Amino acid sequence: MSPERAVQQVLAQYVRAADSLNGEALSQLFITNGKVEIYDWNAGNPSLLFVLNGKDQIANAISNLMKPHPNKGWSHHTTHDPLITVEGNYAEMDAQFIRFDSIGAIRPENGWTVGTVGLIGSVKPTESGYYKPSLVLEDGTWKITTHRIYHDLTFVFPEQ
Amino acid sequence: MSPERAVQQVLAQYVRAADSLNGEALSQLFITNGKVEIYDWNAGNPSLLFVLNGKDQIANAISNLMKPHPNKGWSHHTTHDPLITVEGNYAEMDAQFIRFDSIGAIRPENGWTVGTVGLIGSVKPTESGYYKPSLVLEDGTWKITTHRIYHDLTFVFPEQ
Amino acid sequence: MSPERAVQQVLAQYVRAADSLNGEALSQLFITNGKVEIYDWNAGNPSLLFVLNGKDQIANAISNLMKPHPNKGWSHHTTHDPLITVEGNYAEMDAQFIRFDSIGAIRPENGWTVGTVGLIGSVKPTESGYYKPSLVLEDGTWKITTHRIYHDLTFVFPEQ
């Protein structure tokens, strides 16, 4: 497998872990003292909002601070149009992301309304921006050193 | 072309055939006794809903059982973040999918309302889930042996 | 980097330039007398709408004729499921595209409503279709000779 594809698959595993709200799996994609930097994209004039430092903070944020999926709900963090540069054991990636939230309809107690047929529920885009991780090849495996997330939407903190 | 990209392009051809409602083209991507298994994703606890067995059943389902596009309507089954493993003549793929349905506006008999300009119509996400096909290299061409479709949305059958 | 990935990254740079409304950067991805052909997809029976001829027309269309982003607004032209054929110094690509428009909420003068928390704003799909560029390898760099854009939505011109 080419190094570019191997790098791209790290991000593919990252979004699988994020959608499963599996902080442990997600943090395993980082080096021990890896970081996540979260930015406001601000239409191309980004500003840093906060940083998660080290695997434990990263795992905790995903497993405990993200909103759980509702009943029959799921998310898809999808990534697009990667630009990947590999130099020796170091790599940089720049990808677009769109998050979708889906929810499958729950069968009503008295059954479906007459005529209901096919795939029932909703799929909606809920977040967008860029992922710009840096990676290093460590014992044959690409690991994220710093993951940068740029959110188009406005991040509002409690009591702000 | 790398085997991983060749495998990825089979799925790219699959979604083109699905969007064209071309069951014949789509079934050609499978081995003769290929299968499609359709699952309810059920937030990560999937259950099998039904199976299409062999090229004929697959071709028929796409060409005759899928809802035709409305006037100036089209669909885009898009796939994302593939995880691909190739071992010799066998490959496994795991990709996210989002389906969009678009419809271009039809010019009103009396012409467009004053001020109407640009791209007019709508694009909406309508389905999501995962595609997890298994493939085999047959006479130099990657073919799908079993295609697994996991739907986030709830599949309701007539009279259910 | 494989030629297929290099070709794919040209389209990745194209969408970055389009989303930044940077006509100069976008036109640099074309040969000097490159062209953009815009088509109505028309559910698989496409018709040519208009052509941009040469780098200057292309740069001007992006920088001056596209609608500017609103305050805290951004776009993501995302591409999917590329089919790429490379023969020597020539390449053909066929990709799906979906455009999303996002807008981050602006903090109200009197602050956020109590309970507002998380990512606030909206992300919506606004365009879809296919990109089918032809490319040539020129001094070691893949450049677009003709870029074909097929829009699902109906393109309405002023005073039409």
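Every chain is named by a letter (A, B and C) in the order it is written, and numbering of its residues begins at 1.
Here is the rule we use: contacts are C-beta pairs under 8 Å (C-beta built on N, C-alpha and C of every residue); 3 or more make two chains touch, one makes a residue touch a chain.
Just so it is clear, the structure is predicted and the values come from calculations on it, not from any experiment.
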Angle (degrees, nearest 5) of the CA superposition of chain A onto chain C
120
Validating interface symmetry: for the copies chain A and chain B, is the fraction of residue numbers used by both over half? Same or different.
different
With centres defined as the mean C-alpha position, give me the chain A-chain B separation in Å.
23
Residue numbers in chain C touching two or more further chains are 2, 80, 125
Tell me, which parts of chain A touch chain C in their complex?
2, 4, 40-44, 67, 80-84, 86, 96, 98-99, 125-129, 151-158, 160
Could you list, by residue number, the parts of chain C that touch chain A in their complex?
1-2, 5, 9, 11-13, 15-16, 20, 69, 71-74, 76, 78-80, 100, 102-107, 111-112, 116-125
